[in-house]
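Labels run A, B, C, D, E, F and G following the written order; every chain starts at residue 1.
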Amino acid sequence: MSKLLTVAPSPHNYGKETIKTLMYGVIIALIPTLAVSIYFFGIGALIVTATAIVSAMLFEYLITKFLLKKEPTLSDGSAIITGMLLAFNVPSNLPVWIIIIGALVAIGIGKMTFGGLGNNPFNPALVGRVFLLVSFPVPMTSWPTPITARMQYLDAVTGATPLGILKEGVKNGEKVSALMDQIPSHMQLFIGNMGGSLGEVAGAALVLGLIYMLYKKVITWHIPGSILGTIVIFTGILWLINPDKYADPLFHLLTGGVLLGAIFMATDYVSSPMSVRGQLLFGVGIGVLTVVIRIAGAYPEGVSFAILIMNAFVPLINMYIKPKRFGEVIKNG
Amino acid sequence: MSKLKIFTKGFIKENAVFALFLGLCPTLGTTTSAINGFAMGLATTFVLVMSNIVVSMVKNFIPDKVRIPAFIVIIATFVTIVELTMQAFVPDLFEVLGLFIPLIVVNCIILGRAEAFASKNNVLDSSIDGLGMGLGFAMALTILGAIREMLGSGAIFGFKFITGDGMLAFVLAPGAFIVLGYLIAITQLINKGDKKTVLEVLSGVWKIARSFLKFLNFSK
Amino acid sequence: MLKTFAKGGVHPPENKLSAGQIIEQLSIPKTVTIPISQHIGAPATIIVNKNDQVKTGQVIAKSSGFVSANIHSSVSGKVTKIDAIPDSSGYRKQSIVIQVEGDEWDEKIDKSTQVKRDFNLSSEEIIQKIGEAGIVGLGGATFPSQVKLSVPKGMKAELLIINGVECEPYLTSDHRLMLEKGEEMLVGTKILMKALQVEKAIVGIENNKKDAIEHLTKLAKNFDGIAIQGLKVKYPQGGEKQLIKALTKREVPSGGLPISVGTVVHNVGTAYAVYEAVQKNKPLFERVVTVTGKSVSKPSNFIVRIGTSVNELIEAAGGLPDDTGKIISGGPMMGKALSNADVPVTKGTSGILIIPEGESRRGKIMDCIRCSKCVGVCPMGLEPFLLMSVTERSMYDRTEKERVMDCIECGSCSYTCPSFRPLLDYIRLGKAEVGKIIRSRKA
Amino acid sequence: MDYVIIIIGAIFVNNVVLAKFLGICPFIGVSKKVETAIGMTGAVTFVMVIATIVTYLIQKYVLVKFGIEYMQTITFILVIASLVQLVEIILKKVSPALFQALGIFLPLITTNCAVLGVAILAVGNKYDLLKSTVFAIATAVGFGLALIIFSGLREQMDLANIPKGMKGVPIAFVVAGILALAFMGFTGLA
Amino acid sequence: MSDIVIYTIITVSAIGVVAAIILYLAAQKFKVYEDPRIDKVEEALPLANCGGCGYPGCRNFAEECVKADNLDLLFCPVGGNELMKTVAAILEKDAVEKAPQVAVIRCSGSFEHRPKINNYDGASNCTINAQLYSGDTGCEYGCLGLGECVDACTFDAMYMDEQTGLPVVIEDKCTSCGDCVRACPKDIIELRNKGKKDRRIFVSCINADKGGVAKKNCAVACIGCTKCEKECKYDAIVIENFLAYIDFNKCVLCRKCAPVCPTNAILEINFPPKKERVPKVEDKGVLAEKQADENTNLIELAKKNNDPEAKG
Amino acid sequence: MASKTESTLRNMVLALLIVALVSATSLGYIYELTKGPIEQAKLAKKLAAIQQVVPEFTNNPNADMYKVPSDVEGDTLEMYPAYNNDKLVGTAIKTFSDKGFSKRIYLMVGLLPDGSIKNIQVLEHAETPGLGDKMSKTKSDWSEQFNGKNPTDFSLKVTKDGGKVNAITAATISSRAYADAVERAYKTFMEHGKK
Amino acid sequence: MSNNKTIEHTGIVKKMDNNSIIVGIIKNSGCASCQAKESCNVSDVEEKEIEIRNFENDFSIGEQVKVYFSESLGFRALFLGYVLPFLIVFIVLIVLTGAGADEGLSGLLALGSLAPYYLIIFIVKNKLKKTFSFSIKKLIHRDLFESIEQYN
């Protein structure tokens, strides 16, 4: 025999899914959202997304090469997702240098400090996003108005987000029904015609992405399902109790980053629990925290924080909520 | 151990903050700016030196078994002196450092150092040790403060070098933890004597920065 | 209505290339090499000497303990060598080499092909006959069958399960056996039922073998108490715990045996071997082996004498393809890769699979991305990623606590991992180390 | 309502560890295992409550009465240091078995910044006795919450491929930083 | 004296004394008497906490040293004899002298001498490989080359030589802690006396196959020809299972055996070269030192090997 | 260490007593020494703030301080009248607001006798650095917009709420609180404070 | 959710008699070899002795063993040692202040309520002794290495 046989422990059969196929699956699922946000926010969306992706990839490459001295891991696509999601979580008029700082924090602190893909306990894009939010509150909370601001970048016309209007209004004692007049209709919200981070507005496109990822088995329904379910139930109860003070559940679903967070950010494998029951609990936690922060906190929107906080609970969830073991029920019996 | 060695070991090898991980509360709590960190460091140094001196002076008269309470009293006395003096002469600073001044007492370092060093050595060694440890502590706090101030408000020792704000996160709690984390990583590398790795890391950072700048130029 | 087990499992491409190939008798080779340890348990004790003349079916090594099995000569001829010869693992194992001279069978064996349905033996007699015939589980574990049939005191078997699942991709030997020797197999099942003193038996067959299900359903009408049950295609349904779960909804408790839920599982091949042993006095010296692979020119199913070199099987199936990367004894999920093809077929060899170069290497191993896919597919509800990483760090206490010993080594986790982590490799290491710890604790 | 604000404030918004920087040493030092962290939380709660009550009484009935508030530091530290020891002595006397069980379960805690800090803060906030106690409890719970989350994270990171230089304490601080960042989401709750 | 001062004195004294009594009681109750010598011994120890001494950490070893009646059974391989002498001096006990040891690799089957007969494609871990099968060469006994020993060494005293595929011990760094010995599933590594002037002779092979088989699979295998056994005047060499073993306690380093070995399986380390001899298998220990000095890259390589990340 | 004191109970109590006595005595005296300076420092700070916000005066406003109950129950405002040669030139009012982002903020508001604002100083606040803390003069000149305005025509509400105060960007809450404190000072002064 | 979680410590057998073994626990956590151990007042640096009453194997003095203690028992100890007394103090405090008692008095009484509590503990001392029992196992090779790792 001229060629040598290969010997390895079983199994000798490998599935077709690889990190790459999964990551590119997510990227494909994100494309409709990108398209919609470019439609609404124009060049701003384009510049911000491109900057975020390029700088995230660049930092990942440089850090793996010069600091970790590992083989570059760029091709797996995870840095692209981090860049894209970071961009989707900021307003479309954010100056380039702030985005670069965000990407550096996301990749440098949020991901590579822990050893790169698979080792970070927190969602890198959110680490970057929240860091920016805390560090640069002014630019991070001025939201370009959709369509109007299409051809503008730094000088974009800004307005408030629906959640911002709601929070401010309720604080001043106005009724929700009155405030709703200042806010586009639910249908408009679903399409994405509202102020907000460039990727979070496009509800319809996000749902499309969800369907794609579920179909491709990139993710399962448990995390998004439990988050959205919890938010609907929680806000629904509040709404039934006092519709003057609390907005309806659909409003809460469609505004802010709930859909983006539930579909793309909470589902990040690395920072979410392993067992199905754990994932459900994780989702419930995110849902509850989101609503609590929205209703009672200083920030009008709480999804990012909720996900990060629940990321911190993931090890505990993994430790105490194990998958149901085969043969466990009749132990000793 | 030579006097010099006693003095210098507190700076890197046995730096209270970076190597021993002690006295972390004031380290994080008071370093919103270089000057605050420095002041806190000095206050601590004062208490450290004075209490070391006194402790090593009286150690022979204190029965072993009441050593700890006696030391606590001595240290707390000096802390109170610092408190009163600061209130009288630098009230603004006192307000900023606030709660952390009384906490000097607990600062694990002092108790620890008093136990570990002063009770065993002569007065001179003890005071040198206290000075070394204290200044090492002050150095750590100043460095941390300077970095946080630089990143957080674009200033150093109060001199602003950028217009506008810096990255607020560094002034707030998260930045304190993160910066300290990286500083400890660097000290650990140095302490392991792995000079090459340190150089590698630094040159790695430099290379990253350079490539990045190059990239920016290129993209322009 | 298709049943299946509840949790986990994967569905690799089935590739049952040789499903339509009738079982052929492979010609008797010139020499055979018969290892004395072809089963789980103590190796058998050699009872022949060099230069002895032996007949086909003659005992050449005797069971050496409770968990052990007789070994019979698979050919007639002269013992030329008794020595340690490398087996498929490369390690040397005691084996008996026999030079073939003719094919003279032991007198007691009934060589007729007539199906003999009636038997009139007591449970003990059956078990003894099975023991003498050296029958071991042919489903892969090669556990001496008479041990499984001797139900421990205080326990009672209620149900016999015949495992016709053949969930491994590529393999078709059980499938063909059910089609071609269905009646004999069912008689064997009846014998096993008698041995276990149970009234009921279920033959579980995956739905990708519809012809076998139909065929056996028809035949089973003539056999009281035997039911045929179709199952949804899902690997590792053939694992006995999964099969029991699928058929009875009972879960074998962690650390327990099937008998603790009142069942005993036997492979269809075993049932057939039992038929031959009891009705025809024919010990286990040949078995059905599938030779297959995408680039194999003639995927086939052969009846092969134990001890035949794998090389000869491959030749008979059209020779070794040029692009061979791996030769596997068994299926792609649980089989063993051979370091060379000059090793004998043993009682446990259910198939020879040839994998082309292009498919024989794993992908580049990356860090675990915690995608939890391995957790999702593990039929035992374990967390393979965790088992691997604690084993990697030699935290065996933790490995034990995470119930590494429950792993059935099905390989679903390694199969599914997008990071190509060698999960099962490490889990096996963990099992071995934890096993040692448990043993030393008992000692 | 006051109590709710005190509780939420001390647990989430102004978490002792993540926002107030108190008790960092045990936070970094005793957070390697979740079980220990849980135990630590129980013990800290007890110590903090007892210490707060005692220091409150001393502040009100001794220091203020005699006009020597400036002696706060020295008296508090002495009281707290001896109190913790006293509890241990009593425990050892009344039930050696219980003492042993606790000993193997937990490292002994003596004073740390958090205990003294809470005592001083409670006085500084001009709370009455009950509020001080509630404040102490909430602070301890906040401490425990941070500690338990953190120990979970650290246990998980023991199984990750953290780069060499960052292993151990450095990565712990980075995690604490991100945790603090996440906790900023609670800003404004109370 | 003003009131304030008086109040101060009274309160502080009162609280102070009460506290002192409590703390005193506490100290009395809790303080297990710790022999100050424990600290002293500990200070002298390398504090590597490697466990080579058989105790979980250096401190425990120190305690044990203080407790034990004599130091016969206690030995810190890292610090070696010198350290044990220091410890003995601190404790005023006698130290037993132990010959310094070093780890040696008893396999010379480099890629060149021992061809591969298949490719291993499993996890990069020697034990896993050994569990699966005998390895990717014909020799059932030889080194698998996956570096588990290198990973096990806490002193960075080993690296994998990429040219030969065998681990190399860096003599100066090796502390004879034995971690590698325990790690190797094939029992290839042995701790041997360092020998006078660090010179030593050993059979770098553990192949117990018959000569022909062994030779077929590896050019430098010991074939059990008994030539060395006959050559040795000191009965230091025994042959069992076609394999020679040199007892380092009996060997006097006369070097007679090495030249007679037909397969060059006997390695001589740190001897001055004999001129008349044909060049042998490169002496690994020496090679290691040479390379360690000249070419730090190798050390880096070893480090990389040590790094779980780098290996994936 | 030959002469180490032994650990007998008598020695111990004695040693501690001595340590405690020495420490207490010295602290007592140091306290006495620093007491004066501490109070002076506090006073100086207050006076400095007053000086900043009212026109030049000749009296001692601290001594002339009087308290006026505010609209918040139980809380009073301190009024420091500034007289220049017995003529009231302005009043510094220590006022507060609870509407801030975190904790109560204290301002020293200087009102001229007609109620128009002379100048304002922040005494105490705990607003977020970089956001709310821009209200203090050292951080930005945002607060200049109040100087010289008379609340009768300068509505002390942020523009968002229909007033005239331009809020600090992204810190409307702090701005509101600031305005609220100023308004409290103004109202109290107009209703009860004039003297 | 594994319900058989245990806390383990490595120790050395110090004393033995017919029905009990005293094991010295090698320092908690990593303290023994920590460079800051002397300066540290957080974790104890003292040796603990533990009495074990149920055991099967033979042990000899000086032998390294592993002491096991079930986690749930640990939590029970925690409850009795710290949580319950804290609750008592807190409840007494609430009741007394609620009843309008003077702060000083209620504070003192709340603290004082610990006295009867400890008295009760003292009375049920022997019962506790039975509850909080440790089990002991021989230290096997691998465990040894694992405990070393804990220190690194």
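The criterion applied here is as follows: contacts are C-beta pairs under 8 Å (C-beta built on N, C-alpha and C of every residue); 3 or more make two chains touch, one makes a residue touch a chain.
Model, not experiment: these values are computed from the prediction.
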{"item": "Chain D reached from chain B - shortest hop count over touching chains", "value": "1"}
{"item": "Of B-F and A-D, whichever chain pair has more C-beta contact pairs", "value": "A-D"}
{"item": "Cα-centroid distance, chain D relative to chain E, in whole angstrom", "value": "45"}
{"item": "Chain centre separation in whole Å, for chain C relative to chain A (CA means)", "value": "48"}
{"item": "Between chain E and chain A, distance of the C-alpha-averaged centres to the nearest whole Å", "value": "50"}
{"item": "Contacts with two or more other chains, residues of chain C listed in rising order", "value": "339-340, 360-362, 366-367, 386, 393, 422, 425, 428"}
{"item": "Residue numbers of chain D (touch at least two other chains)", "value": "25, 29, 68, 70-71, 74, 78, 81-82, 111-112, 160-161, 163, 166, 171, 174, 177-178, 181, 184, 188"}
{"item": "Shared-contact residues (touching 2 or more other chains) in chain G", "value": "2, 5, 40-42, 46, 145"}
{"item": "Chain D partner contacts - residues on chain C that touch it in the complex", "value": "367, 386, 389-390, 393"}
{"item": "Residues of chain A touching chain F in the complex", "value": "137-138, 141, 168, 172, 298"}
{"item": "Complex contact set, residues of chain G against chain D", "value": "5, 7, 9, 25, 28-31, 40-44, 46, 48-51, 67, 69, 71, 73-83, 85-86, 89-90, 93-94, 97, 103-104, 106-108, 110-111, 118-119, 121-122, 124-125, 128-129, 131-132, 134"}
{"item": "Contact footprint of chain C on chain A as seen in their complex", "value": "1, 3, 5-15, 17-19, 21-22, 73, 76, 115-119, 220, 269-276, 279, 322-333"}
{"item": "For the chain E and chain A complex, residues of the former touching the latter", "value": "116-123, 128, 132-133, 136, 304, 309-310"}
